[in-house]
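A quick write-up on the structure given underneath.
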Amino acid sequence: MKYIIAVIRPHKLEEVKRELEKNEIHLMTVVDVLGCGRQKGVTEVYRGVTEVDNLLRKVKLEIAVNDEYLDKAIAAIMKAAPEGDIGDGKIFIFDMAECIRIRTGEKGNLAIG
Amino acid sequence: MKYIIAVIRPHKLEEVKRELEKNEIHLMTVVDVLGCGRQKGVTEVYRGVTEVDNLLRKVKLEIAVNDEYLDKAIAAIMKAAPEGDIGDGKIFIFDMAECIRIRTGEKGNLAIG
Amino acid sequence: MKYIIAVIRPHKLEEVKRELEKNEIHLMTVVDVLGCGRQKGVTEVYRGVTEVDNLLRKVKLEIAVNDEYLDKAIAAIMKAAPEGDIGDGKIFIFDMAECIRIRTGEKGNLAIG
Amino acid sequence: MINAADTVWMLIATALVMMMTPTLGFFYGGLVRKKNILSVLMQCMVILAVVSIQWVLIGYTLAFGPDKGGIIGGLEFAFLNGVGLAPLEGQTIPHQLFVCFQMMFAVITPALIVGAFAERIKFSGFLLFTILWSTLIYDPMAHWVWASGGWLFSMGALDFAGGTVIHITAGISALVFSILIGKRRGNGTSSSPHNLPFAVLGAAFLWFGWFGFNAGSALGVKGQTVSAFLNTNTAAAGAAVTWMILDWFVHKTPTALGVITGIVAGLVAITPAAGFVTPMASIAIGAGGSLLGFIFVSYVKKKLGYDDSLDVFGVHGIAGIWGALATGLFASKEIGGTDGLFYGNPHQLWVQFVTVVVAIVFSAVGTYILYKICDLILGMRVDARDENIGLDLTQHHESAYTLVD
Amino acid sequence: MINAADTVWMLIATALVMMMTPTLGFFYGGLVRKKNILSVLMQCMVILAVVSIQWVLIGYTLAFGPDKGGIIGGLEFAFLNGVGLAPLEGQTIPHQLFVCFQMMFAVITPALIVGAFAERIKFSGFLLFTILWSTLIYDPMAHWVWASGGWLFSMGALDFAGGTVIHITAGISALVFSILIGKRRGNGTSSSPHNLPFAVLGAAFLWFGWFGFNAGSALGVKGQTVSAFLNTNTAAAGAAVTWMILDWFVHKTPTALGVITGIVAGLVAITPAAGFVTPMASIAIGAGGSLLGFIFVSYVKKKLGYDDSLDVFGVHGIAGIWGALATGLFASKEIGGTDGLFYGNPHQLWVQFVTVVVAIVFSAVGTYILYKICDLILGMRVDARDENIGLDLTQHHESAYTLVD
Amino acid sequence: MINAADTVWMLIATALVMMMTPTLGFFYGGLVRKKNILSVLMQCMVILAVVSIQWVLIGYTLAFGPDKGGIIGGLEFAFLNGVGLAPLEGQTIPHQLFVCFQMMFAVITPALIVGAFAERIKFSGFLLFTILWSTLIYDPMAHWVWASGGWLFSMGALDFAGGTVIHITAGISALVFSILIGKRRGNGTSSSPHNLPFAVLGAAFLWFGWFGFNAGSALGVKGQTVSAFLNTNTAAAGAAVTWMILDWFVHKTPTALGVITGIVAGLVAITPAAGFVTPMASIAIGAGGSLLGFIFVSYVKKKLGYDDSLDVFGVHGIAGIWGALATGLFASKEIGGTDGLFYGNPHQLWVQFVTVVVAIVFSAVGTYILYKICDLILGMRVDARDENIGLDLTQHHESAYTLVD
């Protein structure tokens, strides 16, 4: 079982979700985050104080998948998320020790989907 | 050392926290998230545009525990979180390589609690 | 490859970021969270209902690093984040199975930085 | 004869009172949880719309139509038939403007009750209840106290701007309603206001609008208008300071929510008295309303255990009762033509007392009956699932705020 | 001769209308995405500032300066030269106050269009367009309909408070503009309003301000003032209730956004008719505006596929056209001195129809030309990257809200 | 003799000025960090309450009681003793209404200073300071400039609506205070406004309220009232445009914060001049205030290194000084009865200059002394921990917003 954390551009969320759904990945958790990356932030100006805030709005997806879905999930994200510019984001993948569905108590692969 | 990520219904947060505390688990980190799951979202209507937004408000708990507390923590969540309907959420469990308390520099099991 | 999750005091964010940058760690993802820890919350009063809310505002940093940067990253956080009081926060470290840069498809160590 | 200056003042006063109902929505809406703010705003806006219509169709004539036996107005003015621009006897503003001004009072009164059943009411039940309540409780009550010929009016009850008709009636109805509909689920935990600045915004504009509410109730520009204006301000100020001090002593900290709650309590308390008392008395009346409100909200409510979500009873009911009685204490012939107890006229206090009791009994019984009827027909309370998800999504299929975008 | 009461009323009415433009910003701003709210607020505030200046320099004289052939005002009053305190002929308020009142109308009209191009316009292009549009579309149009000597005015067109001049002109320009600038990227998905309470706040204060807008258009305190006041309120109420019911039947749920949209549609619809019709007619006019708005926003827009971000055309254009025509139907001599079709004067409907057509054609063609010119000079639409990041950051280098702090 | 139209206007003007103080809270509150907004709102609401009480008890009589040697008013009117409805000599509104109107000025002045010490002040210290400052700085200053008999008034100082008494006094006190209390911790980093829309809301309603502030200062409906009204608007507009252009040139982008800051600077600048100058002059005065404010906020402040959190000095102090002097330049006999330098009366500029110097010296010294006293008694600055956690939680035990719910 794998846990995918993907940081993407906010306006790509819909597209990525749609692409994942095409690949039968329907379950995920979404968080509003600020990302600090290679992408230079947009300069902000407040009463003459100019600051390049390099914290940019991003969206973080967390997706738990069975091993056989991992490649599909990655491919879907890789397809829908990029614009080709710096700031497209990253995918981080983790081994997951266990997964439990709270409602039923099901565990492991059964619980993921 | 384990790291638990639990996605639950927002209005269950208090109960889950109370149940965890009964089991001597007092430390956790809480995030506001949107969850995309089996639970069908509530239809939203904006000037006649009807959309079933399947992103629902959830709360994500992150709890680092020593191995001997893992089962207690899971049991507490399983007890307090479910309503029995789709949408009750999931628990994801990870092996954690290290834990450090910033204040003291303590590491490992000592740092978790 | 390691994934660092650090929970710190909100007003320390700038300092920690600066310290990390000094150590050539420029990439991270930041989330607004509520933390429940040893630190006693500030009492809140609403029309005479007094509640010690023990959920305090914290900031969570997530930083993926190559193994050789791990110690640097920890040291930087340990240097900038603490105030010496309860509530300084924690660092959690995970093994990361894979990392992919969405823009280029680069993987592993190459993708992290 | 129409007086132009009076007319201008009443136009503005009317606009100000209109503004109070949405503003009340923000005062209340800021205090509920994120998932319910729209339902509160929606209820206030819908009341504004629906009662505006009800009033021109039937409400106005019931309240202010030619008196039938002291009990109710006749239907002569239904659909504003025959209601033109010529002033009513004893008035100096166009009849239609009087209709408008009174309309805004009819609007805000049921809106006050919204705070009692917030976070758990079904929208359809709410709507039916509101229409019935306006027609069957508010309109007669307004007739009794304000219409010449109304039986309480004839008794000599003093109610300058609606302490009894508006605040006691709404406050008592709120209490009864909140008992009948029951407590919110999971109440008592994590029920912090989701957006206190909105509540402050609401309170600030309520204060602003209340100048129209109270000083407008002179129905023109007279000495009483100015007295009411000044008294409104000093009462609100005195009440705010009082609540702040009580908070500081009792809870060890002055709070913003306390200050704005005090403001509203003070404004409520001065409402019946505004045109009858001196500025110094108004400070005392404001402070008294605040003190009593504080006691009810902080202690009595906890003791009794009902869940009046936003303290409509504690603030409007209690401060309203206090204000009505205080009018019987502090009224001074020099200001408004009638003396109260402190100026040697105990009878006035008795009249005020009777009015208060009538308002309490009538609105309590009336609300009880209407609640039961509406509950039978449509149901008043949402089910557990809807309450957990929140009224915004389940009753209106909307979210107030987006999380990611 | 100057009348003091009239002057007071017009001072207030002017202040109220001034307040409507920022308030409109909140109505619109609450409906866009988080990354674009500041751009909307900024546009409204800048219009308020820029058109205020344009008006005293040149706009007022073009619109209300001595008539030149029914087409435009002369430059005699440029820079407010010779515009003092003595009233204009037939008026009872200082000339400068008339300038102020009309200024606020000139301000809000281009601000209405902001809703059409929201979330994708370049600020520089917007600014140039606004200045040109005010000078070349609004000012002549105001002259034609309102200035004595203006050719539509001479035809006998009834437009009490600007249904044609303001709402049709803005609504049609919005439609043309939104077609020319094209759809928002990724439109249709996840475009929920980011802060509906702000939109409710805006709608509430628009209602409040509209009393000044409509009742102020009597230019003093008369019977018509009070009629307009009452009609404004009942029309808004009728429209809100109508939209709520339609929402409930068609979409199975009454929505807050529906109610506030209805309110605005009702206020728009009654604008040209406010001082000419009975209260009961005003309910019908409001309800009609709401019904037509509902149809356009829910069905026609989807069909036609243009992206009028915040439905300026559907709400202001359609309800404005309806209102202008309805004035020709419901106008009653008793209220405002002229009869409409229902009172046996079909000619008035014809005049209204002509005016509407003129307004449509003139504003459509004018907007088309001005858009093309501005697009050529500065470019009107931001590039994809800027649109994705949002206008707040890319056009103004500011964020409305902080995420972490 | 009481004039009804004048009275109506002053009722409204008073209500509008009352509304400005909470509104100022939103202007300021939107600019601070999330953890401090309530403290700012709280301070504004508490000032409104406390100074309202102080004023009727003692403040009014100190400022406007029978003159004692040009320095202070006597205690004859303490507790509003003998202050009734009969107008003061030379006035046409009830005496109590004059009290109310002036009260709102006394309220907003200390509220302006809130922006200087935001995010780091102890509430108790703030409260003591405010009460003392109102009584010992504001009340005498108001007497000197506005009361007949006041020594600056006798010199012929022109201050239409309080440029000197209010804005210079507050602006200078803010500067001194911000130096004494020291910089915010970690200032300079991540101090972006947490809710710019709130700041825009505040600025918009300040503009709205300022019509009451300036045009109300004519104390009735006269020619000057209308001049002041128009000038207020054009000055604000001119200033907004100026700041926008400066931002665009200097920082390469027009900003919403810039526009609203410009608006306030323009409103401040025109305040002393509003009833004395032509509309064209008012644009120049507004633009000048904006330009000078821009220079101070963008450059001088950085150079000098004090931490005036929300630029009270840069905006109110500087634009206030400019406005007071500009009154001496642009005043025209035709508008307000006195000529300035540009109309051949250099003496007026000298008088203005003296008044400005007096206001600066008096408020600087006074604030210094009062700060030191309050700091000794209660302490003025919160400790590091409280500042880090935020004033909302530590001073008021409340959070403005919930994160999860």
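We call the chains A, B, C, D, E and F, going by the order they appear; numbering starts again at 1 in every chain.
Going forward, a contact is a pair of C-beta atoms (placed from the backbone, for glycine too) under 8 Å apart; a residue touches a chain by one contact, two chains touch by 3 or more.
Please read all numbers here as calculations on a predicted model, not as lab measurements.
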Other chains in touch with both chain A and chain C: B, D, E, F
Comparison of B-F and C-D by number of C-beta pairs in contact, larger one: C-D
Whole-Å gap between the CA centroids of chain C and chain F: 43
Whole-Å gap between the CA centroids of chain A and chain F: 49
Per-residue overlap in chain F, given as positions that touch at least 2 other chains: 4-5, 8, 12, 35, 190, 192-193, 195, 251, 253, 255, 257, 397-399, 403-405
Junction residues of chain C, two or more chains touched: 13, 30-32, 34, 44-46, 55, 85, 94-95
Chain-level touch network, classified as line, ring, star, complete or other: complete
Touch list for chain D against partner chain E, complex: 4-5, 7-8, 11-12, 14-15, 18-19, 22-23, 25-26, 29, 37-38, 41-42, 45-46, 48-50, 52-53, 56, 79-80, 85, 94, 96-97, 99-100, 103, 123, 195, 198, 395-402, 405
Complex interface listing, chain C residues touching chain B: 2, 5-8, 31-38, 55, 58, 60, 74, 77-78, 81-82, 84-95
Residues of chain F that touch chain A when the two form their complex: 188, 190-193, 247, 250-251, 253, 255, 257-258, 261, 294, 297-299, 302, 311
Sites on chain B touched by chain D in the complex: 9, 11, 13-14, 32, 34, 42-46, 55, 57, 83, 85
Residues of chain B that touch chain C when the two form their complex: 3, 17, 26-31, 62, 64, 94-103, 105, 111
